[in-house]
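The two complexes that follow have chain A in common; it is paired with chain B in the first and with chain C in the second.
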Partner chain A sequence: MNPRKYLTVYKKFLHTSLASELEYKTNILIDLITAILSLIGSIFLLSIFFQNSGIIGGWEFEEALIIQGIYTILNGITNTWFNPNLTEIVKHIREGTLDFVLLKPIDSQFFISFKKINPSGFLEVILGIFLLIFCIKINQIDLNLSFLILSLITIICSICILYSLWFFISTTTIWFVKTWNATEVLRSFLYIGRFPLNSFSFSLRIFFSVFIPIAFITTIPSEVFLGLSQSWKILLEVIVTLLFLITSRKFWLFALKFYTSASS
Partner chain B sequence: MVQNIIEVRNLSKSFDIASKEPGLKGTIKHFFRRQTKRLKVIKDISFEIKEGEIVGFLGANGAGKTTILKMLCGLIYPSEGSILVSGYLPYRRKENFLKNITLIMGQKQQLIWDLPPIESFYLNASIYDLDKFEAKKRIKKLSEMLEIDEELYIPVRKLSLGQRMKSELLAALIHEPNILFLDEPTLGLDINAQRNLRKFLQKYNNETNATICLTSHYMKDITSLCKRVICVHEGAISYDGKLDLLLKKLSPVKEVLIVCRSEDDAIKLENSNFTVKNKIKNEITIKIENNSITSSLKTILNNFDIEDLFINEPPIDEIIGKVLIKKDYDV
Partner chain C sequence: MMFNLINRKIFTLLKVQYSNMLEYRVEIALWAISGIIPFFMLNIWTNNNLNESINISDVMLSRYFLCAFFVRQFSVVWVVFSFEEDSLMGKVSPYLIQPLNPFLRYFAQHLAEQITRFPFALIIAFFFFIFNPESIWIPKLGLLLLSIVSTFLSFLIQFLIQSIVACLCFWTEKASSIERLIFIPTLFLSGLLAPVVSFPEYVKSWIYLTPFPYLIDFPANLLSGNETNISGGLSMQIIWILLLFPVFRKIWSSGTKKYTAMGS
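Take a look at the complex of A and B:
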């Protein structure tokens, strides 16, 4: 694998997908407005939950906002990269255009995961970062190097887990052809990640940690922000991330052996 | 001696195909208990293709032409047998193998819909490790050959089907592959666009000595480009050889319309040894075998007073149509 080639190709991906999106200005504007309204709506919903008790699952409203911030960043990344690319896999397989991808001298997973970007998703990422900065202020979090490194590691892990899960589900399209619903279910589970894991019952906590690793996606990075996370949890998140990335990669390569291409 | 660039030995491919009974009951049954049956779509085929050859794959819809093409370019794993393309096992899709081949499908497109084709060309160039200078040079050369210029800068969605197909070809050939797999490249194109595309493919083959494997339902594509055809019938090869031999075999006679100067001459001709199809006044149509056409015409011109004559080739579509429904041709 030649990293320089992949960087050049990625630059071209960025250029072509930005140019494609900018062809439709109104669509971008609507997406931007939707992102702002969605964040306002989520914070409002969260404030309603906290209105009576003040504390849910041991988390105060100001602390829970951190989870909302991380969720917003992840949702932004989902809308910027995962949604435009990974939902296309289903289309590629149904219509047989995956043929063109597989016949290019480039890694097919890289090609289908990064070919497109949706620039309006960036706004959500920026809004999420602003919300986190605001949370750092109101929670009086001490900014130091280890805090920054650990936060970055856990957020990157969250992104990788989410990507692997989504990619894994999309890969099953090779057998099942249509799996739009499965990715929608995954997105719905991600909504749950806006709330602290402790606010759920024990059985649901186990479910969201083991089967759908929402705990790893939002709660652990938030605990790092608040200095509550133990080092074993962070290490576990890194291990889980590597496992997810390797499994989804192996699964993709395995699935391609069963690709039959669409009939002409 | 020209080397074999493609070698196929005892190749077979089977697919699991789901079958469903009609009606609501059948749909519900199909949803809960899907019945599949294993279908052998390619049956033990073997052939070789030499470097620089243009080979046409002929067959009815569903005969297995596209499946063969997809196995040759490495998209589908074979169930049995072996394939060697340019010394590589195609299904492993090694980088150097992929840089050597291209697949063009008339009914599918790889160009970015909302952008001018030139953007897709440069994207493909970066995937094939071409620098900007080299890419520019190749785009210029190919666009001249394809006779496209302004179209390069117009969004793909605004281009006509013919212009789009030319752009697809340019995108697929920017890395100068030496094996081209073309699956119905002229599908839906008008007569002029079809002719231009054929002209381009012939020129590309002459200039680069590229090997071309082509499937098409337009007989003109096959007759003007391919000296050799492989006929596929229900997944097996029914004929592999020269196209003109096949045509001679399938259509051993030509019809000749002779206009005599007088009706008497026409009667004289009618009573000679030739097989007469019909006669109207001084016009008579006779059937002559292909291998004796020159000598027969010489005899007619020497012995009868002839005003004009027309040799009618039987319609090629009609002849090839016979191939598509027959299992075996031994020429």
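Take a look at the complex of A and C:
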């Protein structure tokens, strides 16, 4: 493990994938409009929920907007890093090009997870950050150092959990070959992250905290923003994150033993 | 004679595509699962008693969302993604030589996929009824037939819109980003996430002039037995098809003239 080597390689990845993505400049403009419309759409949906009821699942509209902001940031990160890379795994395995990745003198998980980048997701991240700043203003949250550190930690944990989930599903491709649709299933479940966990019924709440930890992904960081979160919840999130990261790594190494290449 | 020939063409196409789709049973099952977002939305609605304000009972709302799920299952269109891949890979060239519009082939693919999907949708509905036994109902035969017709019309509208977008591939190569842009208003305005009756007045005043409420809200209301304007809805669907079809014909004929056979 040589961090400097990985950094240089990553810089090269950035350069090549940005260069190829910028070929389609109008696409980036369209993606910007899509990101804005999608945010407007979710706020519109939220406003329908709130038009007749002041509080949903214990959250006011202004507070629920924080969840929306965090979701938008995470969705942007998914679109920038996870989605373009991990859909590529399917292609690698179907066409047998994973052989070339495994032969390279570099960690295969690193190569597969960071090879590509899709700049249009940046716009969503920026939109989400703006929404969060707006929320900090309307909810009159006072910024202090411990708040900043805690919210940063929880958001980084969310990103790691999200990454592990994506990577986990993509790894199953080694057995099932076409998991493109499985990532669609994950995507539709993640959609729930736009809403406070408490607005769902008890059984769904359990499902979304244990099986697919959407609770950890958006709700806990939002609670930290509002200063509602107890410290045990934050600690739990950190533990869950480590658990997810380690398991997904182990699972990848385990799955590789079953890789038999294609058409050869 | 002529009619017979066309009939045989369509029949053969369907048969071939159906056996093709049966190969991808697991993928289609996963795809069906990824459409369960309406059920999560239903959970938010009923768990927070949001439906009291729009005068729809819990039972009627759960039927509405189940029907919305069904209508969505049988009106999903992905032609733009297939066409984009085929046109980037140069596969469109051999199709163009054949005395058959390539879009008929995609059309048959969609129909075959819907037939394959049907049993999975039924299984999901079965589970839905286990959890919500009070919402079991048998739709009136007339309404059932009408809703099948209107679901098919909704599928046609979406197929035409996406085919028009797909034809833009002749000019821009990557048309799927435009499709993602159009998908956003479809998602939020079609009634998949919230019934159109619940929309605020400033949206309701113009939304019935757009094609969106006729994609999911109208057929789902019809099937679930909620109140809706049957003749108005059907005629709007037909008007939209009549408007979109000439546009497709026009863009297809000018697009094929521009075709440059990439990748071959």
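Quick note on the criterion: the second predicted complex is superposed on the first by the 263 of 264 C-alpha atoms of A that agree within 3 Å, B and C clash if a C-alpha of one lies under 4 Å from a C-alpha of the other, contacts with A are read in each partner's own complex, and residues count from 1 in each chain.
Quick note on the criterion: contacts are C-beta pairs under 8 Å (C-beta built on N, C-alpha and C of every residue); 3 or more make two chains touch, one makes a residue touch a chain.
Fair warning: this is a prediction, and the values are worked out from it, not measured in the lab.
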First (chain B), second (chain C), both or neither touched by A:I106: first
Partner chain(s) touched by A:K233 [first = chain B, second = chain C, both, neither]: neither
Superposed model, chain A: greater residue contact from chain B or chain C: C
Chain B and chain C footprints on chain A, overlapping residues: 24
Residue ranges of chain A touching chain C (in the complex, touch as defined): 24, 26-27, 30-31, 33-34, 37-38, 41-42, 44-45, 47-49, 51-53, 56-57, 176, 178, 180-182, 184-185, 187-188, 191-192, 195, 199-201, 204
Partner chain A, residues of chain B touching it in the complex: 15, 66, 70, 73-77, 93, 95-96, 98-99, 101-103, 105, 107-110, 112-115, 119-120, 122-124, 126-129, 155, 183-184
Chain B-touching residues of chain A, taken from the complex the two chains share: 2, 5, 8-9, 11-13, 15-16, 19-20, 23-24, 95-97, 99-100, 102-106, 257, 259-261, 263-264
Residues of chain C defined as touching chain A within the complex: 24, 26-28, 30-31, 33-37, 40, 43-44, 47-50, 52-54, 172-174, 177-178, 180-181, 184-185, 187-188, 193-194, 198-200, 203
